[in-house]
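In the two complexes that follow, chain A is the common piece, with chain B as its partner first and chain C second.
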Partner chain A sequence: MKFVAVTACPTGIAHTYMAAENIEKTAKELGYQIKVETQGAMGIENELTADDIANADVVIFAVDIMVEQADRFEGKPKIEVPVQEALKNPKGIFSKTPK
Partner chain B sequence: MKQMLQKHKQYLLTGVSFAIPFIACGGILIAAAIAFAPMGPGGPDFSNSPKLKLILDIGSISFKLLLPVLAGYISYAIASRPGLVAGFVGGYICGEINAGFLGALVAGLLAGHVVNLIKKVKVPKIVVPVMPIIIIPVFSSLIVGSLMLLVIGKPIADLMEFLGSWLETMSKGNAILLALILGGMIAFDMGGPINKAAFFFGAAMIKQGNYTVMGCTAAAICIPPLGLGLATLINRKLWSEQEREAGIASLGMGMMGITEGAIPFAASDPIRIIPCIMAGSMVGAVIAMLSKVGDHAPHGGPIVLPVIDNRIMFIAAIIVGSIVTAVLANILKKRSLPKGEVI
Partner chain C sequence: MEYNFTCPLPNGIHARPANNIEEIANEYSSDITLINLRNENTSNAKSVLSIVAADFKFNDQCRLIVSGPDQQAAFSRLKKFFIEKFADCDEPLPKIEAKVQLQLPPSLKAVCPKFFQGKAVVKGIAAGQVFMADVLKLPEYLDIEALSVEHEQKQIDNAIDLVKVEIHERMIYPNVSATEHAILKAHLSILRDVEFYNMLSGYISQGGCSAGASIIKTADHFTSVLKATQSLLLRERILDIHDISHQLLKRIYGSIVDSGALKLEVPSVCVADNLTPRQFLSLDKKLLKALVLTEAGETSHTVILARSLNIPTLVGVENIMPEIFDGQKVVVDGDLGIVVTNPDQKLERYYNQELNRIAQRNAKFAKYISKSAVTTDGIKIEIAANAASVYQVKNAFENGAQAIGLFRSEMLFMEADQLPDFSEQFEVYKEAAQTAEGKTVIIRTLDIGGDKPIKGISLPQETNPFLGYRAVRIYPEYIDIFRDQLKAIIRASHFGNIKLMVPMVSCLDEIRWVKQQISAIQSEFDKENLNYDKNMQVGIMVEVPSTAFIIDQLSREVDFFSIGTNDLLQYFIAADRGNSKISGLYNTHHPSFIRLLKKIVDDVHTNGKWVGMCGEMAGDSNNWPLLVGLGLDEISISSAKISQAKADIANYSYADCKKLLESALKCADIKQIDSLLSEFRKSHISFELLDDNSIIVDARCFSKEEAIKKLTDQLYITGRADSSQEIECAIWEREAVYSTGLGYGFAIPHCKSKKLLADSIMLLKLNEPIEWGSVDDKQVNIVIMLAIRDDADGGDVHMKIFAKLARKIMHEDFRQYLIDENDPGKILAFLKDSLELKANN
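After this line comes the complex of A and B, so read on.
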């Protein structure tokens, strides 16, 4: 399974990056491929390319605010959760993967 | 229904996330300018220091942009790019008519939804290209602007004014009660409309030469993020690794006087956390009020120390308030965990 993810929290200085790290770590544990884009106070970092998104099976949004350039992900199966979920129960996010 | 509320929370937080740097920049520049200006009888005197006046003016502009940016980006979150114009216009109007932070939240939501409605209108093909750059901005601004100026703006401005004059009568009667109320308001929504109502009241009092109201507000502002950060340091076992990291970030935000630093941290457990931060801020505000701590700048937290009257008590108020929050948070947190469990 290939995933791409976007994380974003209101202040954009701590949780955005912690969530990204957690999701990446968990994906590795579960044996999935993943690339995580952060949308923090610095703007978009580790940006997902059109190829990344096209090749991904599922898109994960771990966000408390609007996702920037959300149109990139149109038509993709999505899992949307609050940032907190990525901190507390990252495995739970992956278990929501549509079968 | 629940999902719709969730979405709207996301819209509002998006606006807030864009507005936070404007608050920080404005508050810090204004505080810096006032800190270095000589004190006259009627407050800081800028007549002989054009450079400081310049810094003050730049800070004030950043501060004034807060409302348009807030409303603009709430609208942007709802309606994407075409939403910006009506949101900015609506937010600017709120500044003009004194509808404040609350007005800007309403203007932003209104603008976003109006733009989404206009987007749905079926238009001839030839008009489609000019929809986003002419038709939508013109009509959405007209609608939002008229509603704000003629219908909704006035009652919101009245509400804000009522709140202000209610707090003012409070400050004449019972200073401690006022400090309790302001402290509670500052902590309750961590940077939301209730927090900002208390904050703008304190800032307005500065203009009238009453610095103690802002003094107790300034102490209350930094206690939620400082207290929660402190809680993670005091008993590290009670908090997850992520929460401990968030605690450090929260301490940094607290030093800068950004109450919003407590938001992501408290969001996971509002029912336990919000009472703890309210208690801390209320205690801090009362200590500051009783010891006549004054603040000459519209900003809070340790960073405004240079413009504080009675600095020692200001610091004492912050420390005591933060400890109250930290201890309460740790007690409640401990109780919430099953016996013997350690994260």
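After this line comes the complex of A and C, so read on.
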């Protein structure tokens, strides 16, 4: 399965990146392909392209704030969780994958 | 002979105007009576107490009656006074400010469920056991039978004479402070008061009272009268009457009367409704840690004494009396203005942390106290201090001041009940000069009017006082007061290095007139063979913009200039500094203002004189490089900032500061200059993201609050921030969204803050884990704080490192190293290595 994800926390200093790292790490353990875009204090990094999104099966939003340019993801199956979920129970996020 | 008039004084006839009346009345032998037709109170115009007691209010109808041998002269003199001068002798009353709800810092709030709020009149933190002191009470009655009227009267007369002699003796003690001197003078005036004396005698001759009973009754009478006047100023004087009455009783009856002395045995916080100055002086200052007075005002004599001895003092503390008792432990926090009772261990820990924070910050800058402020390329600028009392002069030099750049003489006038005369002022200026031990003390002559009224010189109401009758402009009318001050300054110049500075000069005539007065006094002194410094420098404040265009002419008259930015700015930009609607305009970073400053400094130097700056602009650390760039010879700032100014300036080169000035002169608006200055400072005060002071191991913190305070305090201690409380609050605001406890025993509190000078990472390893509200419910023993400047341009470099650290922390091997390693040096090296930090990152 292919995933794309966006992480974004209130200050954009720490949790955005911790969540991104944990999601990437967990995906690897579970044998999934993933690309994670961070929307933090430095703005959008590792930006998801239209191709990335089109090729993904599922979109994960681990966010506490509004996702920037959310219209890119219209029509895709989505899993939306608070950022902390990515720290607490990253595997659980992937198990929410719509079947 | 009678004269009727209406009381023109908005505050009624208080001590000051009464004093003026009494002084004139006592020059004549006629009976002089002043009647309040509203309440039909009759008063003896030769007694301040009696006039005050008649409770004359604004618009009351008054009648002056004079009869006696010299009635003609007395009557016409007093009538003239009431017509021409009386309206001007009003006095301002102390304002009682509405109390604002106090926000405690989060670390204190967590451990301090209850506190009593007051108004801090002397700052500082101190703890001790409560010592409840009663207001000095006179015995309700003395069980002493009156002997003959003659005998009792003689007792009173003797006692008054002896107490007078005692006071006179104390006044000439070599170590008596100016404050104490003024208090003694006030006491003396009570002893001399005709009506006070008449009442004492009356109780003896007509009431058959003993001397003691008559003293008590007289004191009671004036106490109740003064209480009824509703004047805070007068109510404070009740203590002085008690004090004097008590001294008289002691003189007559010795040890039968309670001594009133207060004896401390352990480190104490003295709590009372109020204390007389003598009670206060009787307290052992080694054991007196703080003072809590529920009813004293800011101008009470005891508060003035406490300030001069730097004893943390709160006044106006409400509702504390029923809940406090002798021997109870309390902490007085004169920084926040609170009293905390029964401090537990947690609260003690907070205050230990707080004291440690202050001490360590001072220690960091302490090495600069004895140094000069020198740029990296060897240019010096003198760092002077502003002061308003001898105590502040002493404090300034202890903090590394190289001079007193501005001694505000107004304070001397504001704190006294009566205008300080030549000898009182002389003593203060002399003491200041001697305290300076050869360093310069620049004494500014009286600067009143507009925003700074004082008792005794009451200036007429003006529609626009700042553009009106003030400072040098009033000197010709109040020539006697001004000459007294000049005499005191010139005479004191013999005892040290005094310079004299004149405020509000706007044209050549004014300073020429002042110089004539100075010369005249100097010639008088020559005739009397009195010593003074013949080379005493005379300078002016540059605060009226017109002076900036005649620096060449002024330079022929004066020796130096000091730029008073507060007034200069408001006159230059035509913006009242008290008007909040235009507060955006009132800003020293107008490009036009910087250009004005440059013109002033350049013109002064072209004319071979020196120039300093003593306004608020000089105290802002962001401005220091600009002021160095301008080429100012001196800045005068508050004592607390001196060592920091020296430390900061040591980071700058004069060449860079000059370039900074050039850029500022080209800026188009305030915002550009703001960011130019803040960027310059931050880029020169360079801290690595992490350094030796960033790793704290083996720490004992009992709570999340303590741990966060420890980290934010460290930012302040190391100079990475100018204050720490705002950063502490910002961290807590972020914690309020959700806890930064990320699990595995780690927490990563973080914030953005404008108060930071340098982006910072701090790591704290705790001995014992603490609760943090982590996602895995585990306690935390490693705390990594990330703090980034809110106004950073190009802060992305550091943000990338923060992001890298945030990612690293999700990896077990990274965490395990930090768990296992306890050597701060190795942890620092490991972090730098992991984050690929090079020097200066």
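In the analysis below, the second predicted complex is superposed on the first by the 99 of 99 C-alpha atoms of A that agree within 3 Å, B and C clash if a C-alpha of one lies under 4 Å from a C-alpha of the other, contacts with A are read in each partner's own complex, and residues count from 1 in each chain.
Here is the rule we go by: a residue touches a chain if its C-beta (ideal position, glycine included) is under 8 Å from a C-beta of that chain, and two chains touch if they have at least 3 such contacts.
Keep in mind the model is a prediction, meaning the values are calculated, not measured.
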Chain B versus chain C as contact partner of A:Leu87, first or second or both or neither: both
First, second, both or neither for A:Val63, with chain B first and chain C second: first
Partner chain in contact with A:Ile53 - chain B first, chain C second, else both or neither: neither
Chain B versus chain C as contact partner of A:Pro10, first or second or both or neither: both
Partner chain(s) touched by A:Ala41 [first = chain B, second = chain C, both, neither]: both
First, second, both or neither for A:Lys25, with chain B first and chain C second: second
Overlap of the chain B and chain C footprints on chain A, listed as residue numbers: 10-11, 13-15, 18, 22, 41, 64, 84, 87-88
Partner chain A, residues of chain B touching it in the complex: 9-11, 13-14, 16-17, 20-21, 76-77, 240, 242-243, 245-246, 249-250, 253, 258, 260-261, 263-264, 267-268
Touching residues (chain side chain C, partner chain A) in the complex: 734, 737-738, 740, 742-743, 748, 750-752, 775-776, 786, 788, 796, 799-800, 802-804, 806-807, 809-811
Touch list for chain A against partner chain C, complex: 10-11, 13-18, 20-22, 25, 38, 40-42, 64, 84, 87-88
Chain A residues touching chain B - in the complex, by the definition given at the top: 9-15, 18, 22, 41, 63-66, 82-84, 87-88
